[in-house]
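Both complexes shown next keep chain A, but they swap its partner, so chain B is in the first and chain C is in the second.
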Partner chain A sequence: MFKKCMAIPYALFMALFVLLPLALVLVFAFIDASDGSFDMIANFKELAKEQALGKVISNSLIAGLSTSALCLLIGYPIAYFLTKPEFNRKGVMIGLFLAPMWVNFLLRMMATKAVFNVLGFKMGMGAVIFGLTYEYLPFMIMPLYNTILKIDKSYIEGASDLGATPTRAFWKITLPLSMPGIISGLTMVLIPSITTFAVTEIMSNGKMMLLGDFIYSLKADSLNMAAAISFVLLIFMGISMFISNKYADGGSKGGGIC
Partner chain B sequence: MLRKILVKTFISIILIILYLPIVWMIVFSFTETPSFSDWSGFSFNNYINLFSGNGPNADKIQEALVNTLFVGFFVSLLSTVLGTLGAIGLHAMHNKRIKATYSTVNQIPLLNSEIVTAIALALVFNIFASMFRINDGSWGVTALKLILAQTTFCAPYVLLNVLPRLQKSDNKIYEAALDLGCTPAKAMFKVVLPDILPGVVVGALLSFTLSIDDFVITKVNVTSFETLSTLLYGLKNGKHPLPADIRALFTIIFFIVFALMMILYKPKTAKEKH
Partner chain C sequence: MDNKDKAKQKKNAKIEESEYIIQLKGLTKQYGNKCVVNDINLNIKKGEFVTFLGPSGCGKTTTLRMIAGFEIPTQGKVLFGGEDIAKLPPHKRPVNTVFQKYALFPHLNVFNNIAFGLKLKRIEVNYQKANGEAGVKQVKLKDFLVDPNTGKPDFSIAAKDYYSYVEKGYVKLKKIKKYVNKMTKKGRVQKEVNGYKYYIDEKVRRALKIVGLSDYETRDVNSLSGGQQQRVAIARAIVNEPKVLLLDEPLGALDLKMRQEMQIELKEMHKTLGITFIYVTHDQEEALTMSDTVVVMKDGVICQEGTPIDIYNEPLTAYVADFIGESNILDGIMIDDYKVNIVGTEFACVDAGFGQNKPVDIVIRPEDIEVKSKEKGIITGVIKSSMFRGVHYEMMCECNGFEFIIHSTIEAPIGKEVGLYVAPENIQIMHKEHVDNTVEVTFTSNTTFDMYGGTYDFTPTALWKDCSYDADQDILTIDGVETALKGSSAKIRFGFADVDMTDDEYAAPLAGNVDSMIYKGKNYIVDIKTDDNHHIYADTEYLWDKGDRVGIKIDPDKFEIVKEEAADIKTDGDGISAKNEDVKGDENV
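And then the complex of A and B:
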C-alpha cells in the first residue's frame, strides 16, 4: 500500500501539467478569441484566411517527406552494417552515430550554417532539408538498429542453405523483418521534422516557415489559433502513435539510452 | 574485401558530415576571428575572456549560464523525485488498466510534438497566472514556469530508467525488512533505494542534460530571462552566427555532455543481444 501511494505525486503532476494542458488545447481550439464564445469553426476559418498557411503546408510536406526519405535511405544501410560486429567493434560506432542527438540542435544548425557560408552553399529549401536530415538521422538509425539486431540469424543461414543468394535473402528476409523498425523510425522523423522550430529559420535565412515556425509565430497574436492548429497536429500524432503501437517496435524515444 | 572498403567509406563519409560542423566550431574556438573562415592565429583568449568576463557577450553569457544551471538543477531534482516515486508506485500496482494508463500518460510528452507541448503549457500557465493574479514577468515566476515545463519531459525518462531496475530487484528483501520491524519509509531508503540507485543517477544526469539542451519549450514559455539556448537563438541572424566567445562556451559544454553520454551510454551489440 505504502509503495502504491508513492505513485500519487507524479500522477498529480501529470494531471496538472500533461493532461490539463492537452485538454486546454482542445478547449481553446474551439473558443472564438474575439468574444470568448464556443464556436466549432471560428479559429479554423481565421486560419484559412492566413495567406502564409498554404505555402507553409506545401513547404512542410516537401521538407518532411524528403527528410524522411533521406533519413531512411542513409539510415537503413548504416543501421544494417553496424549490426555486423566487423563494422561496429564494442558498439563504439553506433554510439558515435547517436551522440549528436545530445549536442544542442541550435548549435549544430548554426555551426552548419557557418560552414555552409564558408563553403559558399546557398541557404534555402536544400539547406533546410540538409539541416532536418542532420537533426533526425539518429532518430531513424536508433530503432532500425535495434530491430535489425533482433532478427534471428538462423533465418538467413536457412535461406542460403536452401540456395538463396545473399541479395535475395536480404530482400526476402531481412528487409521485411525490419519493417517495424522502419515504421517506428518514420514516425519519429516525419511529424517531428515538420513541426520543428528554428531549423528552417536558420537554414533558410528566415525566408521559409514550416508548421512548427508557423505555430510559434501565431503564439504572439492568438493562442487560440495556435491551439487550433496544435489540435490538428494532435490528431496526426494520435494516428501516428496508433500505427507505431500496432506495427512498430525497437525504440520508443525513451528506450533510446541505456 | 572490396565490399568491406566500400561500406567503411560510406560509414566514414556520413560520420564526417555529421561531425564536420561541430569539429569546425571546436577548432575555431581557438582563434579570435569573428567569422568561421579566416584563421587569425592560435590562442586561448576566447576561453580566458569567458572566465574573466571580458568578452563582448560576457555579461549576457554569464547571466544565461546562471539561469540555465539554476533551472537545470531544479528540473533534475524534481524530475528525479517524481519519476523515481512514480516508478516505485507503478511497479507496485496490480490493476492492469491503471498501470497501462499511468505508463501511457508518462509517454505522452516523449511522443508529442515539442511545439504542441509548449503551446499547451503556455495555455495552462496563462490560466494559472490570471487565476492567482501572478505577474509572470518576474525572474522567479519565469524560473518556476521553466522548471515545471521541463520536468514534464524529463520525469518520464527518469521513470523509464528506474523501472527496469525495479523489475530486476527482489521484492522479498523489502518484505523481509518490514517483517524485521523496519518502517516502510526506512525500508525504502535502506533496501529499495540502493538497489535502484544506478537508474536514479542516470535519470538525474539525463534530466539535467535535457534541461540545459531544451530550446522549443523554453523559448515559448520564457518571459523574462535568457537561457543558453535562447541566447544562442538570439544570435542566429548575425552576420557571423557563432561569435568567438560563444564558440568557446559551447566547446566546453560539448565536451562535458559528450563525456557524460559516453559514460552513460551502453550500446547493445550483436554479442550481448539476448
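And then the complex of A and C:
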C-alpha cells in the first residue's frame, strides 16, 4: 500500500503536465474557433487555405532532413573515434564535444549570426541548416557514442579472425550494430529541428519560417489552428517513433538517451 | 664447413621445421612492467590437440591471442610452418578462433554468421597490367576458378597461374552455374556444378551437420541456447577450413553435462577434421580427457608439457601435481637411491640420482594407496573419515600426524587402525622448487635492512658468529672489525617456517597477497606475492584463501647469511632452475 502511495506524485505529474496538455491539444484541434462547436475538419480546412503553409512545410522538411543527415555524417565519425580510449582519455573529449549544450542556444545563434555577417555569408537556408546542425549535433553524438561504446570488442575480433580487414569489419559489424544509436540520434534531431523556432528567425533574418516559427507566428486567438498543426506534428512524431522502435528492436538493445 | 654441408644442414632444418605447424620461440608479452607471458618456447605438430592449462592469469589466453593475432608479442616469434607471423594482423593469419563468449554476431542469423568468413575469402592473384607491369590484386571467393569438369573450385591454382587458367577454360565460381547450364544444353557437360551461392550454402550446411545443428540456418543466434551458440561458433570457425583451430575456454559457460558431451564431440571433430587444435582451459579434467599434449602454465611460464598420462603420473613439480587431479603432496627426504623418508617412515621407490639426504617433494595419487591390515602396510594410520563418492570411497587416514587421502573401492571403517602400502613405482619424487627464502637485502642500519621495500629488524649475532655490538647498538664488530652496515648489501636466507603471516598488513614491515597454497598433509606451503611481484614462501598450519592480503613478519633471530662461497649462485627467492635448487638443498641440510 505504502509503495503504491509513492507513485502518486508521479501519477499527478503525468496527468497534469503530460496527459492534460495532450488532451487539450486534441480538443482544441477539433474545435471550430468561430463558434466553439466540435468540428472534425474545420481547422484543417483553414490550415489548407493558408498560403504560406506549403512553403513552411517544404522548408521544414528540407531543413530537418538535411540537418539530420549532416548531424549523422559529422556525428558518427566523432562518436566512433571518441569511443577509442586513445582519443578520449577519461571521457574528457566527449565532454568537450557536448559542452556547447551548456551555452544558451539563443546566445550561440546570435554569435554565429554575427560571425556570418562579418564573413559576409548570405543568411538563408544554408545558414539555417548550419545553425540547426550546430544546435543539434550533441544530440546525435550522445546516443551514437553510447551505442558504439557498448558494442562488444570481441565482435570486431571475431570478424578480423574470420578474415575481415578493419574497414570491412566496420561496415559489416560496427555500423549495423550501431543502428539503434543512429535511429535514436535521428529521432532526437529530426523532429526538434523541424519544430524549432528562433534559430530560423535569427539565421535567415526573419525571411524563412519552419513549422515551429509558424506556430509561434499565429496570433493568440488562433490557438485552435496551432493545435491542429501540433496534431499533424504529433502524427509525424508517432510515425518516426514507430520506425525507430522497429529498427531498434532488431539490433542489440540499449544505447541512446531515450 | 663447405657449402655443401651448409646446404644439407639447411635442408635438414627445413624438414625438421615442417613437422611442426606452429612454433613459439622466446614468446614474451609485457603490459607495462608486468610480464604476462615470459619467454615461452613450444613446438606444435600438425594435427596435434594441444591444451594450455593453468589457473586464471597464468598467461594461457594471452599466448593463444598472440597466435591468433589479437596481441602483438613484446618479444619472440610465432612461426607458422616456419614463417614468422608474430606481426601479421589476425585477418591475414590462417587460423580461426572459437571465443570464450562465442562472439556470434547478434545482427546476423546462424547461416550468415557461419558464412561470414566464406564471403570474405580472398586470394591474391598476380596479373599483368595493360602497360605490361606486374600487379597483385585480391580476388574474392566468387571469382575463384572452377574446373568446369568437376565443378569444384580449385584452390590449388597458384596466384601466378590465375589468368592462364582462365584462358584454359576455367570459369569463375559465380558464373559457373550459368556456364554449366549453357554447356548442358549443348550436351557437353553433364556433371552437377555449383555456383557461388550454392557453394557457400553447401559449406555452411556441412559445417552445421558436423556440429549437429542441421536445419538451424535461419534461426536468430540470440534465440539459441548456450550449447547451441557454442556449436555455431565452432561451425563458424571450421567452415573456413583453417590449418589451426584456436579454442579459448570454449566450454567454460556450459553446464557440466553439456560440457562433458561437447568434450567428446570436440575430440571427435578433431579426429574427423584432422586439423591442429590449440585449446585453452583451466579445467584439468577437460585437458586430460581431450588433449594429445598438455602444457601446464603458471605465471607466464611453462611448468611442464607432455602427454596427459605423463603429466598425471610424473608431474615435475608439486605445483603441477597439485593442479592436475587429486594428490597427496608431502615433504620427503631422499635417504639414498631407491630409498625415501616420508613422514618419518622409509619407503622404497624407483628414483635414483638425487644424492643422499636431499629434501624432496613427494606425490602419491590417492588411488595408488592400498589399505591393508596393520601388519602388511609400510606405515600405519587411523582412518579419520570416509565418504562415498560414487565409484570409490574417499577416505582420510592420519599417519604420524599427517593426512593421507585414499581412494578405494573397499571401505575401511572409521577409527580402524590400518596399514598403508604404496608400490615403489607409484611414489613420484620431485626436486623441490624452493627450500628456503633467499633474498638480496640492503642494510639501512646496524639492526635493520630493507627487503623488497619493507624494513626488517635483525639480530646481528644471529647473522655473524663472531659478532658483537655495544649497548647503544652504534658500533658493530664483525670478526674483530668495526663495521657500519648502512648502505651495504648481503644475501640472507630464512626458512619457510620462520615466516609469520598476519591478517593485519600494517603490523608487518611488508605485505603481499596469497598467490597459491599447497597442502602438505599437515601444513600449508603458502606462496605470498608482494606488490612488486616478488615471492616469499611461508609454512603455516592455517588455511588461507587465494588473494588474501597478509602481512609478512619474520623473527629477527631467524635470518642467516648466505655464505660467500655460495654467493656466486644466483638465487633471489624467485630463481627456480633445477640446478640451483640442488645447491640450495645442500646448504639447507
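As a convention for this text, the second predicted complex is superposed on the first by the 237 of 258 C-alpha atoms of A that agree within 3 Å, B and C clash if a C-alpha of one lies under 4 Å from a C-alpha of the other, contacts with A are read in each partner's own complex, and residues count from 1 in each chain.
Everything that follows uses one rule, which is that a contact is a pair of C-beta atoms (placed from the backbone, for glycine too) under 8 Å apart; a residue touches a chain by one contact, two chains touch by 3 or more.
Source: prediction; values computed, not measured.
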Output check: A:I235 vs chain B and chain C. Expected answer is one of first, second, both, neither. What do you get? neither
Quick one: classify A:F17 as touching chain B (first), chain C (second), both or neither. first
Examine A:R168 and indicate which partner it touches, taking first as chain B and second as chain C; both and neither are also allowed. second
Between chain B and chain C, the one with more contact residues on chain A is chain B
Considering only touches as defined above, state whether A:G158 meets chain B (first), chain C (second), both or neither. second
With both complexes overlaid on chain A, does A:L177 touch chain B (first), chain C (second), both or neither? second
Intersection of chain A interface sets (partners chain B, chain C): 252
Under the definition above, what is the set of chain B residues touching chain A in their complex? 4, 7-8, 10-11, 14-15, 17-22, 24-25, 35-37, 81-83, 85-86, 88-93, 102, 105-117, 119-124, 126-127, 148-149, 151-152, 155-157, 159-161, 184-185, 188, 202, 206, 209, 213, 215-216, 219-220, 228-229, 232-233, 235-237, 240-242, 250, 253-254, 257-258, 261-262, 264-271, 273
Which stretch or stretches of chain C touch chain A in the complex? 68-70, 89-91, 95-97, 99, 101, 103-107, 116-117, 120-122, 236-237, 240
Chain C-facing residues of chain A, complex: 152, 154-155, 157-166, 168, 172-173, 176-177, 179, 250-252
Give every residue of chain A touching chain B within the complex, in rising order. 2-11, 13-14, 16-22, 24-25, 28, 74, 77-78, 81-88, 90-100, 102-108, 110-115, 117-118, 134, 137, 146, 149-150, 191-192, 195-198, 201-202, 206, 211-212, 215-216, 219, 223, 226-227, 230, 233-234, 237, 241, 252-255, 257-258
